[in-house]
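Both complexes shown next keep chain A, but they swap its partner, so chain B is in the first and chain C is in the second.
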Partner chain A sequence: MFEQGMYELLAKGIVESLYMTVSSTLFAYIFGLPLGVLLCVTDSGGIFPIPIINKVFGFLINLLRSVPFLILLVFILPFTRMIIGTTIGSTATIVPLVVASTPFVARMVESSLKEVGSGVIEAAQSMGSSVFQIIYKVLIPEAKPSLLIGGAIAITTILGYSAMAGFVGGGGLGAIAVNYGYYRYQQNVMTVTVLLLVIVVQVFQEVGTRVARLSDKRAN
Partner chain B sequence: MIRLRHLTKTFETSQGDIEVLRDVSLDINAGEIFGIIGLSGAGKSTLIRCINFLEKPTDGEIIFDGMNMGDLSRKELLNVRQSMGMIFQSFNLLSQRTALKNILYPLEIANVPSEDALERAKELLGIVGLSDKANAYPSQLSGGQQQRVAIARALATNPKVLLCDEVTSALDPNTTSSILQLLQNINRTFKVTIVVITHEMKVIEQICTQVAVINEGKIVETGNVKDVFLRPQSEIAKQLILPKGSEIHNMIGKRCLRIIFDGNSAFEPIISNMALECRAVVNILYANTKIIDNKAFGEMLLQLPDDDMSIERILAYLDDKEIYYKEEEMNV
Partner chain C sequence: MKKIITILISITLIAVLFTGCNKPEENTIKIGASITPHSEILEVAKEILSTQGYTLDIVEYNDYVLPNTATQDGELHANYFQHLPYLTNFNDENDTHLVPVATIHYEPFGIYAGKTKSIDELADGATIAVPNDGTNEARALLLLEVQGLITLREGAKFTATILDIESNPKNLNIKEIEAAQLVRALEDVDLAVINGNYALAAGLNVGVDALAVEDKDSDAAQTYANIVVVKEGNEQTEEIKALVKALQSEEIKNFINEKYNGAVIPTF
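Presenting the complex of A and B:
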């Protein structure tokens, strides 16, 4: 179907895509999880309301989320160069991916944590739990299934973003689709990369949903 | 044990301030089962939450075990809360933890070494009769079982006080009785002071020694359960004690007697024996009784015969049997 070398290229593309997606998701959660907790806890109905902090961070997050990813990616190129030393390749793409997905992850975490019933939180408070204990012993464990579903959504969204980065020198399957399928009119390469992306998304989503369901102790 | 002094709580809302509690003062003594009864919206939930400072009162004082709750630092408050257990209408168990691990939670908070904690948690499961459910998740337990786990959890840190917020309202009558019985046993065995809020008279009847009636944020009546039952002063207490009061008034002819069974009399057919011994016929207008532990609880409204002789015999008989009664004033 393809000339020699294309298979290797595609294989490398998959690995690069997975590398970008998984490491970006990891970093996005390293920053986004505490941020989401902060948003939930400092909310006016939260366990430690600080309306000013909540408003400031809420505004910053909305600001970042309102910039389309492709624009953001170009906009922060100087920042990317400062951190990684280059703006081309998979590793360089991780920076804009993390910047774009952290606010998204923070909002997802916030909404998962807000699903935890106020009664359970009240019970924990009545037993003398500190704010910090409520966060890591009640909010996060109780919201775990919802957080895992959010994680599956985040990772598939980030995979989609990573493919877009192919247009401005990113790596992975997106770059192959752009460079071979789009610029060189190799329709079969385009089709195969799209199929591969679809499969990867399906796998992530399916695994995420299943793990979430298995971890949930509410309904057998 | 707990003293409430001139407690006021006002909630600020967009529609203006709402006064939920107005000048509430109460004394709850160690070892009591203290009931607070009122209709929904009377402020009982806010009141019980003020005791452990889940709600901060707008004004007034709460003295618990000699400490003024309002003067405590945040850290001290968290420590004090460990000596006050609380259980809820909706159980509020951690859904992702097993029954055993739910009971371990307060012990983790109190930094109890894990081996001791595990031993204590197992012991508590035994006390509430759920030793075989240690590894069950709340979703696998019935409402009554979940409330038992919640009770075990609340008792884990050996609290001096157990606060019960409408704990039987989500349960069926049989389960309600068994939960109330468990609470009573706990009160007796571990000398835990229990504060119960409820809108159901039967809860007060079955376990409380003292009762306060709350209406529109104010305590309108307080005293021991027997006295309040026999001589309800306030309109609202009369409503709660005689839920079908208005109907009864229509049926009553002349003199009536209200009899209270408070569980002190071992169950025997009092009314039949009375009729036989006094050779007097009475008409039962209203009755609401139940048998717990082979003892009768509840009340009965009797229409007395017309002649004064029979009435005197009946009263003498009841006095002799140490049955509480009160003659009702009739409005024809």
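Presenting the complex of A and C:
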């Protein structure tokens, strides 16, 4: 079906795509989860309102979210080089992916946490729980199913962003689709890469939804 | 109403008839061209032609379709912006009958130093960046082949991709990157093969900075040389012959070499 070497290229593409997507999602949550919690608790109606902090971080997040990924990718190249030591390759693409998706993840986390009913929070407060106790023992456990569904959405979005990695030699399925499917009119390559991406997204989504359902104590 | 239209048309026709008499049409050559370097080169040709009694009227285009359709329609006598593969494809797709009359220049690819300062110092497993699209990647790989760094599968030529690399004795890691991004990636790779225009835009000078450049006699230079194109049947008119002669003169050659420092190379 393909010219020689294309199978290896596609196999490498899948590995690169998964590498970029999974590690970026991991880092995006390492930074985004605390940020989302911060946004939720410091909100004027939150459990520890500090409006000024909330405004500043909210503004920074909006600022980052307004930059299109391709522009961000090129714009922060010097920063990427500072951290990774190079601007090309899959690992170098993780930096802009994390920068672009952390604010997105923070907003997802914030909205998940805000879904937690005020009743449980008030109950915890009346029992004398500290702010940290409420976060660890009430907010996060209560919001877990919603957080996991958010995680599935985030990883899918990040996979979409990673398709632009080809611009800086990051590889992955997106780069194969652009370099061979688009630039060289190899329709079969285009079709196969798109199909592979669809499968990957379906798997992420399905796993995310199932884990979320299992973790939902209301359903069990 | 009909009468008014008839009168108007008559007036227009008469006007055209008279102006037609006054205008030395046969001595004016109208040519469509891209701005850099085509139009700049034509400005010099304009001076040469004016001493021979010809007026060269240069029409600048940012677009790659209009100059061809205008030449086909007879609005332009000639155009100068494209290379032969583009023209062949354009003729096929638009059913136009345009033919090349002369090749003038090409804009060479160059190999530029990144972390490694010369081609000889290239270590085993070094990284080389090349453009990721169609002919650009092929031209880059062909240049690497000429330098003896890789060999390509026979027949791959201008459709070559990294999949066509047959032998790679130094185990070079060849990275496909967006052409516009290559100069920025230079400090992260050992070498990069970069298009003339992107190198120029980033302040690199092909003549001075490149470690190796596409040779004038290479297939790439011959195939991707920029050509003067006319409508079929007009190849032998006095105007076109004068234009070609002026464009392929020593004067133009010197101008190109001095002005572009190797970023543009005359093919004649």
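One rule holds for everything that comes next: the second predicted complex is superposed on the first by the 218 of 220 C-alpha atoms of A that agree within 3 Å, B and C clash if a C-alpha of one lies under 4 Å from a C-alpha of the other, contacts with A are read in each partner's own complex, and residues count from 1 in each chain.
What we mean here is this: a residue touches a chain if its C-beta (ideal position, glycine included) is under 8 Å from a C-beta of that chain, and two chains touch if they have at least 3 such contacts.
Computed from a prediction, not measured in an experiment: that's the story for all the values here.
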item: Three-chain arrangement built on chain A, chain B and chain C clash or fit; value: fit
item: Contacts of A:L72 with chain B and chain C, given as first, second, both or neither; value: neither
item: Touching partner for A:K144 - first (chain B), second (chain C), both, neither; value: first
item: Touched partner set for A:E122, first chain B, second chain C, both or neither; value: first
item: Which superposed partner A:S130 touches (first chain B, second chain C, both, neither); value: first
item: Partner chain in contact with A:T87 - chain B first, chain C second, else both or neither; value: second
item: First (chain B), second (chain C), both or neither touched by A:K217; value: first
item: First, second, both or neither for A:V168, with chain B first and chain C second; value: second
item: Least C-alpha distance (whole Å) that remains between chain C and chain B when both complexes are overlaid; value: 49
item: Residues of chain A touching chain B in the complex; value: 117, 119-120, 122-130, 133, 137-138, 141-142, 144-145, 216-220
item: Residues of chain C defined as touching chain A within the complex; value: 127, 129, 132-134, 137, 159, 161, 163, 175-178, 181, 184-185, 187-189
item: In the complex with chain A, residue positions of chain B that touch it; value: 52, 54, 77-82, 84-86, 88, 90, 92-97, 105-106, 108-110, 137-140, 150, 153-154, 157, 163
item: Chain C contact footprint on chain A (complex, rising order); value: 3-6, 9, 74, 77, 81, 86-89, 92, 166-169, 175, 178-180, 183-184
